[in-house]
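Chain IDs A, B and C follow the sequence of writing; residue 1 opens each chain.
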């Protein structure tokens, strides 16, 4: 087995890129879980819809042969985020709001799952069941560094940079803006937040809009690297649970560390065990974290046991 | 002026308030005293819209009806509620807590005015200025109470509702809290104080109501209630 | 109704069993009805988790795959006899149930849903990848013939191989849910804290429900290779897990009839409407949403509504349980506190320097206290002084930061259900009953510790299980008579007037034969007449030999009833004594009414 330093760097780089996608989805879980103790079990399908929107826009404006310009790409990103946000309103009204009234976990979990399979079916009817390639504005040729000793994939670089910007950007918004502070306040104490004059249901709806918009943007980022297909969301969404739990369901940026841990362990598994088993570490880590450190590596001890 | 007429509230099968009426005139400090479980907290939670009454009217000013409004709209109308147990936002800084207090005002008055309001709060509670960057959850109980009151003031309320500001505090801290309440009264702030510590409350109040089992049993000027033997009986039983 | 139960149901079962004699359609018999029978076992098991225990598993397709592949591989590669395959499939199902349930069910939150979804998807991936074992995406076609006693059970007769087991699984489920297990599931779903304080271990019962369900799913899976004599990875998708949930919810949870209707409708749906295939998932999703919001009790709920509208008499008719119940009542109750080791007046409960801190706040501060056996001991103090926190410390809901609780000189530690078993029972400040359960079932949850019967006892309905159930019911009715609620035994708890709910809580607490009963504001919200009743019941409990520890704000009640009173203020004991001493104590008056400038009292010690 021939394993060079350059290969190691590339492997880490790919792992980080993968991890950032998981982290992006997990970040969305954590935002809504903190405000409403619920999360969207169809987050992966929102990512898939975002990916398809970008695919369609880029196909229609730029065509198949050329990479899209940054302008077109940005348009696709905004369109995906908008669609994600709009669908989040439906999700919140249909699946979350009624369930929060009854206080039963069963109904919101099942309702968000239902919406996910409906979304998947609709996507299959619109775009079919094939895999589609999407081009990245950075193209797909590897960038050679150090005179060809090190090759990195620009699409991976873009994922890392964009995902980090989105997450850090939202954290900045949450800490500095009035609405962001209101989100944190609602997460901490709904009654007290209402007494400040904060419209709590609107803030919860807002947290879903942000969460789903982020997932849809994740689809735009990951599309060029994988392929776009109606079934692309399921596995990503599931792995993001693991990442979310590693970071702690309410920990904010803990998901980045969680994403990196999972992304890297998957790359290592693929390299040293078998590519076929690269999806298994997520599940194993999930079970181990729940068993050993249920509040997550970075969460506060908030998980109730009684 | 806040006026409550014939307020009835039930939680499921418990009738927590059974026809409570009271008035809070502008610039006055009115207290409602009574033992635990008498319905004091229920009264304030109903005024601020966290609970729905089965019957009764809550009027602010001339004719603004508060019954049926959602809590954030009651706050917007000018009723600030400093809740039982303080309920500061523990993971946010003292300053952030105060900014959240100004949530309904910030658009109206702008950043500069709000910063002035924060300065005002710091003037009343100098300890908060020292700790302005500290997370609210790390403050002591007394400091959290000051923060909760300051946060409520940030909405520039027409009426300030205070739910048991003495709760869980050591007597020496309670002294300080009540001193601040007296100062607020001197500044002309209209307050409805709900308190278990009857004599403390009557010390600062203009007028008091004694609530027992969801009904107002006694009312009168603070001075006269202080000497009323029925007040002590309401707490520790007859004999 | 009784007639139908006794004769109608066995007749229907016989009729269903004889179907292969009339129908000569292989596809219908094995691919439709055979599948219905297999799925029905899974759905019945899933009902234990979702319907009774209130958790969601969206990974049952994974457990199903484990059973199916284990059985197929053993038959194909090792020529293992089918019964052994079934045994292995079932055990593997249970094993993975433990792997998933142990971490997720200790926690509150959507963790079971999260880990089961992940499990289902991972299993499908592994099945695809482990080619040497599973033949990957091409699947396993080498399924041998199924025979029993020389009779070929393939094709048309496969139905006979699985039908008896479906009936057994449904009977088993019914046995479980009508026993103390079923009551424990429901109690935990309705109010986990109250259930724990009645001695029900949340973790143990949620795990039991899930592992039972997982084992049933593995069991059902081991039959599955014979349906089409082929298994391949696409079958075991996330969508199949969701389909199981739809069968359950659409038919109606917590009902055998619902399980049957739901499974049958969803299995035949694609056959009846084959034009829907393109929109199958969307229709499933829509159906599930529709059911959640418009048919919360599923098809069965709909049928019940229709029946009640057509035959209003049937709706109001009293069930057979009521008449049977009346016979068992009437015996005089003796409370049986097993605290005979201590004599009256000796210390029963001792708190030693008990302290708990929440963040920076010390809610209870070095509290020392002794409750003597046979007394009514009240704990009073202003709002926020730490009284309820003290009760929560004694009953294990909170763990003290330092200090200890002793009962008869022995240290009290552990989870609430363990502490309940030591003989400490409690009621709650805000009534915490199991509202949807009947009054008598509420008390039977309180009698939890009197049940020793294991899983097999319940499933087989052994004499031991029947005897336990019967004597517990008699005891529950006797306890209800003790507090004056015997005539309301069959009402739903949530329909009782408030004052009676308070009494029911006491009856439930007495179910565990406590030596110490903690009453957290039993008179809160009561009218003055009801307070009189409460006063009488508390004395009656004390006279029966149970020590009472009382938190209360109605001072007239406290002063008239208590042998001894302890007063708390900001987490510390400020006084202890008889009612007369307490009423005259300056410090107590101060703490309650507050005199200005009271700061100089800080730091003085107990007046006792």
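Here is the rule we go by: a residue touches a chain if its C-beta (ideal position, glycine included) is under 8 Å from a C-beta of that chain, and two chains touch if they have at least 3 such contacts.
Computed from a predicted structure; not experimentally measured.
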Line, ring, star, complete or other: which describes how these chains touch one another?
complete
Would you identify the chain whose C-alpha centroid lies closest to the centroid of all protein C-alpha atoms displayed?
C
Considering A-B alongside B-C, which chain pair is linked by more C-beta pairs in contact?
B-C
Need the CA-centroid distance for the pair subunit A / subunit C, whole Å please.
35
With chain centres taken as the means of their Cα atoms, state the distance from subunit B to subunit C in Å.
41
Between subunit A and subunit B, the Cα-mean centres are separated in Å by 43
Multi-partner residues of subunit B (each touching 2 or more other chains):
90
Residue numbers on subunit C that touch subunit A, as the complex places them
50, 54-56, 58, 99-100, 102-104, 106-111, 113-115, 117-119, 121-122, 125-126, 128-130, 192-193, 196, 202, 238-239, 242, 245, 249, 278-282, 284-286, 288-289, 292-293, 397, 415-416
For the subunit C and subunit B complex, residues of the former touching the latter:
359-361, 363, 382-385, 497-498, 501, 521, 524-525, 528, 553, 555-556, 558-559, 570-571, 582-583, 588-590, 592-599, 601-602
Where on subunit B is subunit C touching in the complex?
12-16, 35-37, 84-85, 90, 137-141, 164, 166-172, 174-175, 178, 195-201, 203, 213, 231-232, 235-239
Inside the complex, what are the residues of subunit A that reach subunit B?
178, 181-182, 184-185, 188-189, 191-200
Of all residues in subunit A, those that touch subunit C in their complex
37-39, 41, 94-95, 98, 104-107, 109-111, 113-118, 120-122, 124-125, 234-235, 238-239, 241-242, 245, 249, 274, 276-277, 279-280, 282-283, 286-287, 290-291, 294, 303-306
